[in-house]
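Chain IDs A, B, C and D follow the sequence of writing; residue 1 opens each chain.
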Amino acid sequence: MQFLSDNAAAVHPAIWSAMLAADAPDSPYDGDAISQELDAAFSALFGRECVALWVATGTAANCLALSTMVPPHGGVICHREAHIEMDEGGAPGFYLHGAKLMLADGPDAKLTPQAIAAVIDPIRADVHQVQPHAISITQASEYGCVYRPAEIDSLAAFAQERGLRLHMDGARFGNAIAHLGCTPGEVTRGVDALSFGFVKNGGLGAEAIVFFDPALADVARYRRKRAGHLQSKGRFLAAQIMAMLEGDLWLHNARAANAAAAQIAAAAAGRLLHPVEANEVFLTLSAWDSAQLRAQGFSFYDWGVDGARLVTSWNADEGHVSALTQAIAAL
Amino acid sequence: MQFLSDNAAAVHPAIWSAMLAADAPDSPYDGDAISQELDAAFSALFGRECVALWVATGTAANCLALSTMVPPHGGVICHREAHIEMDEGGAPGFYLHGAKLMLADGPDAKLTPQAIAAVIDPIRADVHQVQPHAISITQASEYGCVYRPAEIDSLAAFAQERGLRLHMDGARFGNAIAHLGCTPGEVTRGVDALSFGFVKNGGLGAEAIVFFDPALADVARYRRKRAGHLQSKGRFLAAQIMAMLEGDLWLHNARAANAAAAQIAAAAAGRLLHPVEANEVFLTLSAWDSAQLRAQGFSFYDWGVDGARLVTSWNADEGHVSALTQAIAAL
Amino acid sequence: MQFLSDNAAAVHPAIWSAMLAADAPDSPYDGDAISQELDAAFSALFGRECVALWVATGTAANCLALSTMVPPHGGVICHREAHIEMDEGGAPGFYLHGAKLMLADGPDAKLTPQAIAAVIDPIRADVHQVQPHAISITQASEYGCVYRPAEIDSLAAFAQERGLRLHMDGARFGNAIAHLGCTPGEVTRGVDALSFGFVKNGGLGAEAIVFFDPALADVARYRRKRAGHLQSKGRFLAAQIMAMLEGDLWLHNARAANAAAAQIAAAAAGRLLHPVEANEVFLTLSAWDSAQLRAQGFSFYDWGVDGARLVTSWNADEGHVSALTQAIAAL
Amino acid sequence: MQFLSDNAAAVHPAIWSAMLAADAPDSPYDGDAISQELDAAFSALFGRECVALWVATGTAANCLALSTMVPPHGGVICHREAHIEMDEGGAPGFYLHGAKLMLADGPDAKLTPQAIAAVIDPIRADVHQVQPHAISITQASEYGCVYRPAEIDSLAAFAQERGLRLHMDGARFGNAIAHLGCTPGEVTRGVDALSFGFVKNGGLGAEAIVFFDPALADVARYRRKRAGHLQSKGRFLAAQIMAMLEGDLWLHNARAANAAAAQIAAAAAGRLLHPVEANEVFLTLSAWDSAQLRAQGFSFYDWGVDGARLVTSWNADEGHVSALTQAIAAL
């Protein structure tokens, strides 16, 4: 009974169908018919003109997006717990050619204008210190918490005021929307580029970089090839993404994962380290309790001392979830 | 009737089966059971100890391999027509952090020790000039020609003598082996790393970087993640590769593609620009003749003035090939 | 009456003499007779074999040294207040091709094995997190404090145990030695490379990178040229350095600067934020007191709120120093 | 009797005087009074608004200038013999983060629109090939030949038409102007940035990057610091440059060097490999003749087989030059 991560979960049947259906000869790279549909599909979804590029991984999506916004001598403000800082093996340093990550703090791994100001206000506007060029936020955050539209608006206003670009790492964007119940457009106003994740949400190996500024996409296209991320049979990535958008499968899957997490959260009330707003549950859990759960067949990550992280997937097994809630209640 | 390229051909059914079969929960990244099989499988295939890493594209395979051999201040000798020079959007500059490609000449897009010496001998051994650190060759070459084992041996001896590493871009390695009829090990003696291509040979999106020096693989693992190429559902890449190795599917497919090319070559004797040893046919073809063929429904690339490139795939349609040979004969 | 910094102080007359004397035709770059003397001179000074390269700035010295120790996918541990982190405009990101600075804490801007362990022990030994490859310490530290030989020994032992290289930023190495009264060799045991600063100590534009591992120097030579730091009239940089070593001018100058700082420290006892061990004095000083001193003609930097940093130079004016001590006493 | 290079010649007395005069306390880096004069001085010299930054070396000047024009995924067209390609140890790869040098041909190491078009016209405008972003030309060229104003105008028009920036490597810009007898402005129309060299012309260690587009200078300032080229006692670099501009010392020195070269050229008529328009003479010279000259005490570089390069300096010794002309005549 696996609650380790959503990143290796099974692939949704609709994804397989779409991929198999795409197995007819077509132009290589992103010249195929399906890849050509992406811009219109995302523009419709976001209610404004977008340019969307597929890539295989979230790390590539984040770093390619940022590489269009930040010169090598610049910096990106992100949360101290951000994936780009903690879990991408230094990919931002590679893709941004040595630009600097500037770490800000904030509860629930979320940033605020105040938290960002605390980091960048002390930076002297001279050549001896790296100057910030962009902000990167994660929606839902690394602690499974969700920015509200008003919070994004306030970050976007702050970014504009300071002349900074705004990037959103949406590895779990679907889960955030599922929680908010708003449209994707309502929570991306003022965002320059979004890494829209599908792999954690039932995809196989395709994420979309959604550019709200087409000029950035023009650069990203070159950078994607240069990074070896322009797959020749790109139709299979495009097909995954279109299948995800079809009938809002992405939202459906995210709701399922969120619901499972909410069930666990309800059973663990009083133990929660962060509000459970997406598909991740962070608990206080003693070593003894952890061992108990593991002995019953539940797998999950420890989180610091006396803590645990449990992640649910789009295909969370109801039986496993119920068993887990009972096991937690019984601790 | 498509003879443009093998890079967007259909995916072999065995690949689909293997991918579908891999859709059970397992560890993320390359921690899954199938990824763990690669080293042994390639070691068996090459008859010596190998470490193999999957990546989605040939560009990533080539550049990650080279990034383990060449420091940022160094250089790589390759043929003027090499894919890394002509068609990878500057990826070597990115992955090697500004290292230099040093271009050598040679008939049929193949290198010889003499051709390499002509490039590197004039380089002064001082800090004002970039020093070579590796050689990269392509098997089969960009003109569809194949290095014999003795040619590789002589390049490897030269590389060792000069203190250079040796990389082989094997985007069409299968086609080369199919032509040679030797074992993979016989034509990679002294090679440090091989980009073993499967995408052009019936795969979907998986290539193997085969390291014959495990120390290089240790570096490559970090570089792969840093480049955003460590897919979380890596089992699907590993599954493609294992399916390709199973029963020598890679060789079977390559033979089919080569046979189709040979058929075309036979029909085009007298027009051949290069020996046809793999699955690419380079012809002299006047604009008039090209137009004739296109009018009959054949698609292919022009090659310079009065030339054409035709590429066959693992699933070359016999009817199309026959039609083409007749059409060429009729010109 | 200037106590802003030592970095723009006058050039010592002996430096001028040596430079003028070097104005005879000789080989370009570092092929001249004076440049050839450096290795032997530093080997004698440190009591072990060294290879020394000149560069014009401390930033170049630090970053070139580190670039020989840390691969692009690696990390360097340094103090949160280190010059490489705070004041080099992102140069480490440039020279190390995106490698990561890992920030540790410690009183007086000094590192300890414990402080470093606190940063690196939580790093998982997997490809998702950047692995440390080197430690960089500053002697004297950014707060004007000095590592004792035993402290360096313990850091060097820790570095060796963890497989890390050890770099010392010695922009004020002379001031450290002047304080310690030991030999340079006694406080660099286990150090792989030292940026030995002269510009802040009476030089014009020459620092030495002293490599205790010759293999690193071989790489640095290429990197220096590649960074545009191999001046063609390098004899004038070598001449500055040799003049500094001649009769231990570097030590004489450092002692003078330290003595002036000690005088100020004595007058400011009770206000000191850090021990005064080199030529920098960090004081608590209210805005009112700062204004008072400035009104009397003293210039210096504010340091946070209610603090000030005063730096003395090799040619500190005795009258200015006395005036300052009286003015502080009178506050 | 040294005709090896102008790059290690003596420093002009006026340079020494200016440096010594600058040895009074002032602001560090480029905040000093002399550095502040550069923009106005160069604006006056070129007859249009310029922003000028000092750096120590020509390699740094060239590469910093180009780094403001070319993104990491772009390319720079230069002559196959250009210094940035042949003699800068891969510095463009470093400063441009892996951007590509695209090599064009042309007699006398000079480029023409036609020669550039021959290189870039075949580049497909797709992401698989690196796109050109700038042109770099050398004035005077690597073979000592000089672009006329009309030639620059035509290159600038071509650059504008193709959306390319134009950089001029003016390591020997003074020699070019001395030959042309025009104003600096007349031969830099349409140029975006000029590396104005002084070191080969009597300076010690200071070159100017003259930006005709101030936006590029804003970027270059950050890049200069990031490259470790912002010397803290920058006043000594600024002083050298101002001394060079004072009374057109740069032009005076260049004329002297050119005159010496012209004298040698006159004696070697019939042997010249290239027109002698600056201070470099390329001769056919058999091994026997070379040995003869060397036996008489003349030092110079061989140039290929049966060739030689002789370079004259601002302080060319009249006796040595006469002796050489006689020796050549006597061959």
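One rule holds in what follows: contacts are C-beta pairs under 8 Å (C-beta built on N, C-alpha and C of every residue); 3 or more make two chains touch, one makes a residue touch a chain.
As the structure is a prediction and not an experimental result, all values here were calculated from the model.
Participant: Name whichever of B-C and A-C has more C-beta pairs touching across its two chains.
Facilitator: Spelling it out, more C-beta pairs touch across A-C than across the other pair.
Participant: Name the chain whose C-alpha centroid is farthest from the C-alpha centroid of chain B.
Facilitator: Greatest centre separation from chain B goes to chain C.
Participant: Using mean CA coordinates as chain centres, what's the gap between chain C and chain D in Å?
Facilitator: Distance between chain centres, rounded to whole Å: 34 Å.
Participant: Taking each chain's centre as the mean of its CA atoms, how far is chain B from chain C in angstrom?
Facilitator: 50
Participant: With chain centres defined as C-alpha means, what is the inter-centre distance between chain A and chain C in Å?
Facilitator: Measuring from centre to centre gives 42 Å for this pair.
Participant: Going by the touch rule set out above, which residues of chain A reach two or more other chains?
Facilitator: Residues 72-73, 88-90, 93-94, 97, 127-128, 222, 225-226, 230.
Participant: Where on chain D is chain C touching in the complex?
Facilitator: Residues of chain D touching chain C: 2, 5, 7-11, 16, 20, 23-29, 32, 55-61, 63-64, 88-91, 93-95, 199-200, 204-205, 222, 225-233, 235-237.
Participant: With touch defined as at the start, can you tell me which chain B residues reach chain C in the complex?
Facilitator: 71-73, 97, 127-128, 131, 219, 221-226, 230
Participant: With touch defined as at the start, can you tell me which chain B residues reach chain D in the complex?
Facilitator: For this pair, the touching residues of chain B are 72-73, 75, 86-90, 92-94, 96-100, 127-130.
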